[in-house]
Amino acid sequence: SESGDLTKVNVGLMPYYDYSPLAFAEEKGFFKAEGIDFKSTMFPVEGNVAPALVQGSIDIGAFSDTPSITLASQFPDLEMVSFHNVFKGFAIVGRKGSKTYDQLIKEGKDGQAAAVELGKQLKGKSIITTSGASFYMVIEQALKNAGLSKKDVKIIDMEPDQGASAFISGTGDFYLGGLPQREKLEQEGYPAIISGDQIGSGAVILAGLASTKKFVSEHPEVIQKMEKVWFKTLDYMQKHPDEAYKFVADWSNKQSGGKSKPADVKKFFTDYITFAHSKAEAQKLFYDPNSPTNWKKRYENLIQYHEESKEIKKGSVKLDQLVPAEKIFSDLK
Amino acid sequence: MNKLEIHGLSKVFQSQMGPVTALENIHFDVKEGEFISIVGTSGCGKSTLLNIISGLESHTTGEILLDQIPVQGPGSDRAVVFQSDATFPWLTVYENIEYGLKVKKIDPKQRKQIVEELLSLLELDKFSSAYPKELSGGMRKRIDIGRAYAVQPEILLMDEPFGALDIVTREMMQDELLRIWSERKKTVIFITHDLEEAMYLSDRIILLSPRPGRIKEVIPIDFPRPRSGQLRESQEFYQLRNQLRHIMGQ
Amino acid sequence: MNKLEIHGLSKVFQSQMGPVTALENIHFDVKEGEFISIVGTSGCGKSTLLNIISGLESHTTGEILLDQIPVQGPGSDRAVVFQSDATFPWLTVYENIEYGLKVKKIDPKQRKQIVEELLSLLELDKFSSAYPKELSGGMRKRIDIGRAYAVQPEILLMDEPFGALDIVTREMMQDELLRIWSERKKTVIFITHDLEEAMYLSDRIILLSPRPGRIKEVIPIDFPRPRSGQLRESQEFYQLRNQLRHIMGQ
Amino acid sequence: MKKMNIKIFSFLSVLILIGIWLLLTLSGWVKPLFLPGPKELYEVITTSYKDVFMHMGYTLIRQLGGFVIGSLAGIIVGLLIASNRYIEAFMDPIIEILRPIPPLAIIPLLILWLGIGALPQMLLVVFGCFVIVIVSTVEAVRNVPRIYINAARTLGANSFSVYRTIVLPAIIPSLVGAIRVAAGASFGLVVAAEFMGAQEGIGYYMIIAQRYLRTDMILLSIIIISALAWLTDQAIRILERRLTRWSERHS
Amino acid sequence: MKKMNIKIFSFLSVLILIGIWLLLTLSGWVKPLFLPGPKELYEVITTSYKDVFMHMGYTLIRQLGGFVIGSLAGIIVGLLIASNRYIEAFMDPIIEILRPIPPLAIIPLLILWLGIGALPQMLLVVFGCFVIVIVSTVEAVRNVPRIYINAARTLGANSFSVYRTIVLPAIIPSLVGAIRVAAGASFGLVVAAEFMGAQEGIGYYMIIAQRYLRTDMILLSIIIISALAWLTDQAIRILERRLTRWSERHS
């Protein structure tokens, strides 16, 4: 719907650093400059973004690869319209005294060997995690590295928030959840033994924006403009890091009542996430067939995995219908 | 003209212990303006009969006609003073008596007049804004009576209404009932276990026998009207009472 | 020997409409084994007085001594037959009468004997396994009476117990009460609004006057005992009744 | 005859509900994702009835245990509170502080304190039923006609006897409503409880369904929970009819 | 004097609760992550009281609206059901199907059907209060002594008048319990409702707190919800005392 000459767009976000550039763009007036009346709706529970998108409460929602596939099997109108970052900050957390990747590297092991050894450590142990969540593939990959399968471990399947509480109260040997839980556990002295990028390319997550067929066909220009704003914002953030980190810290603190400092944001932006700051970077990260994080390879793997594990029906997710991102990207002027 | 006709009426209750025949083959007429008393031992079916006439209870066989039309459920043309306490505890004395008038949408002025008259007749004027829980048993009974009087029913059905009243109030209430009745000439069906009360008030006494409740005797009372306190102390009255007492005791 | 002594007793209720003095300066003694009746107009404080004696209601000033000891709350030495319906609806007739005996842990055999005796005395034997909702008002009253008799109290407190009974049952119950009383020689305090009943039963009648409730007169009844139905039809009886009626009406 | 007619009305209402559902789904007006139709339902039942039965068993044990313990505790503590002004004064603030705590809110704390075993799960159901029943019990005791209590006391009953023989039977009709509410709530609570790291049970099955937006699984879960709750309610009603035969309400 | 003593007991119980909390936290026996102490509580209050007040306002509006609408609807439909055997037969299965549906279970469906606005949030509270109150209303109506209804009918009251003038006042004492339960539950429900994409409210604040395992924020939320619920309960009790002055229970 048009208000004045601005197009109203309702975007569902989660209060994570990953999506802070969109809030920053709003703050800087970048959306308005592109003729978009940006309205954000904050979802503290990931699970509610999908139904809100399906129902039409939001036009565009923050999404990552795994959830987009499981939802697409139910909702063929879902479209993954863009990829913005590679998230590699998910980590398997262990009990106090567990061996960590960093220790093994210090002891002189190479990365590959360290990943294998840590994977083997999981054998016969119980791991609290959340099936179907964006980070779930991390455990799969870690086991794969060590030549193990899910049968070799005991998965305790629960929501990430509650999983963290349970882990603290003594349940499970390892924990894998979202970033807030990882940080909280580290704060409490539980070491992150290995993180996504250390495990390998299968353990990182591609994230971006999803929308519906209806919205995309009715407002193709909006999707294009969202992309433009994204690159413009990231470019600006790179050039004005202090302003950007301070904004993100304040924004996050406002959402979560936390006490992040700009330095924390900086660490996150450098260690846990790889943003596509420009068209060229996006091309290189997501669309270059040789990239380890090429979206198509990643999606084909994930679909195959979910079909094999019977979480989705065979053939229920059509890649070309689910992900028009590449076409949209190549149409960008 | 018969106000009420009852033909071959019977009532069987389904109880925990099997069917109980409370009334059997009851047959009598009540003329317009007549004052009828029903007496009989405890459990002989007096209240059941009254409930059937009021339309609150169904009957098993027979017919009950009000102005030639079968009774179809309760209505304010047959107001009831119940045997047990039936004042509405959430209404004040005033509001209790006013109840039927309000339901009938009588205009407030007229309502006020009727209620205040009854309050003073029943000596409840000082308690008009009290709740029933603050009153004695006899006072509560008077509220029930006032509430039924207020709607000026065609037939007034009274189930031991004066049983809880002291003798002074009781005799006064009897005289007042007779006065109101003779003014309005409405029909009254009156249950009592006090033979003198039945004799003093009625044109006819219907005597029920128990288990199952049947009509044992119908006794016309021919004392001239208006009746007064002297009648109660007369020789005839005393004789009839003893006679009735004997019939009942059989 | 005085079983009960009441000295300068008064009772003020705090009601919605300000304080109500229900009793004022009540003063009397009751001897062991005496049969006392309390009469008075409706609302004069009879039930209140009985409730205070039973220990259910507190008093405002004065003293009330049972065997020289201040009354400290209720107990089965002072069983009460209440004015309003007090049968336990969730118990059968049998269980209602058995109630006090069970509470007192009387052994089952003896319990059974007492209850069955009372059931037949009260003509309730056919209904022993019925629930109160299936019984008539008078039958429910008889349950209350049986329940109080069963515990064989030191003082039996009765608040218009026979008010709901028909004349035949009533006279029979009066005779039975006298029989039981003369056998056991326990004290009875009996509220009634029936003057003849009070005269037939009592050693003394206490007449209360209303608002505030005060003792108006104490009338000793000297008819010889044992008393029987003939007394009711005697000339003296009739005269005393009229005399009392006059005092009350004043 | 009349009873038959009434049964027909009940039947009709269920029929209409099912009719609307069939109309909406089979006509294609509503997409299966929004409301699964009979086809989707049939499919999910045939593919997962074994799992679902297993989950149901776990849920039922937790629900029944929690409901029975919580309701009994609620009645007992309620009677205790209503028995004495001092106990009431002491317990009231504690109950009033605990009562409104949303079960959802204490899930993370319960997990922190007690872990994810069966204990905290049952406890959540116990707690929820307890606070429902306790309030109604106190109210019901206050509503017992004084005359019954007075009569019992003058027949020699002490406070304990009065409670056992008078208050307890007299409050049954009023308690029925609360027990039925608690039974209904217990199913909601057990689902919430199974969010606390249960690895089985309808609540667990539902979380998974929610995660994948499997509305067919959600619908099946709702049908199962409703059916179980309905059966529980019928059982309570039958019990009630036996316990309150004496009451006027059945005549 | 006696009243004073009773107040002291209430005070004592609160004091003991607070005492235990202080002992556990200040002694260091329990870590702040498991149970925040006064220091942590003070800190979170001073840093976020403005936000929290804002959240509280939103929650209160949703809770009050949902509670009032749901309870009223429950009473009205309950009266309707209890008024007629046919209506009862028709409605009973519908109520019985809806009643046990756990609010948590329908959150994704509600979002699917109605989106994330204030409507579905309020609806969840309405629904929860409705099913609690309706059952108790039906029970309460069944418990109204027949003699009052009979008396009214013989005084000319039609079914509607009987309902308005007899049934309604007579059930108030029994309804109080249900209303208090519904009010308590409404706070739990509003928290659940605010999981549905609310942008503000104590429920929203709580999810964030859970996400970051901020037990200080969780404790603060619980305290706020409890305080609000306690105040609501007090208000209901005051109202009740005014509406049931006539009842024996107050003498």
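A, B, C, D and E label the chains in the order they appear, each numbered from 1.
Basically, a residue touches a chain if its C-beta (ideal position, glycine included) is under 8 Å from a C-beta of that chain, and two chains touch if they have at least 3 such contacts.
For each chain, UniProt lists the protein as follows: B, C = NitT/TauT family transport system ATP-binding protein; D, E = Taurine transport system permease protein.
On a predicted model such as this, the values are computed, not experimentally measured, just so you know.
Least step count on the touch graph, chain A to chain B: 2. Any chain touching chain A that also touches chain D appears here: E.
Between the contact lists of chain B and chain E, the overlap is empty. In this assembly, the chain whose C-alpha centre lies farthest from chain B is A. Here chain B and chain C face each other with the same set of residues for the most part; over half of the interface numbers are shared between them. Inter-chain spacing, taken between the CA centroids of chain B and chain D, is 48 Å.
Taking each chain's centre as the average of its CA atoms, chain D and chain E sit 16 Å apart. Centre-to-centre separation between chain B and chain C, using Cα means, comes to 27 Å. Counting partners per residue, chain D has 33-34, 107-109, 112-113, 195, 210, 213, 215, 245, 247-248 as the residues that reach two or more other chains.
In chain A, the residues touching two or more other chains are 47, 51, 54, 161-162, 165, 168.
Along chain B, residues 16, 84-85, 131 each make contact with two or more other chains. Every pair of chains meeting the touch criterion is listed here: A-D, A-E, B-C, B-E, C-D, D-E. The touching residues of chain E, when paired with chain B in their complex, are 147-148, 150-157, 161, 165-166, 169-170, 172, 244-248, 251. Interface residues of chain C, counted against chain B in their complex, comprise 13, 15-17, 20, 39-44, 46-47, 83-85, 127, 129-131, 134-139, 142, 160, 163-170, 193-195, 233, 242, 245, 248-249. Residues 5-10, 12-14, 17, 33-34, 85-86, 89-94, 96-97, 99-109, 112-113, 131-132, 135-136, 138-140, 142-143, 145-146, 173-174, 176-178, 180-181, 184-185, 187-189, 191-192, 195, 206, 210, 213, 215, 218, 221-222, 225-226, 228-230, 233, 247-249 of chain D touch chain E in their complex. Within the complex formed with chain D, the residues of chain A that make contact are 47, 50-51, 54, 70-71, 73-75, 128, 130-133, 156-159, 161-163, 165-166, 168-171, 311.
Those residues of chain E whose C-beta lies close enough to touch chain A in the complex are 33, 44, 47-48, 51, 107-109, 111-117, 195-197, 199, 204-205, 207-214, 217.
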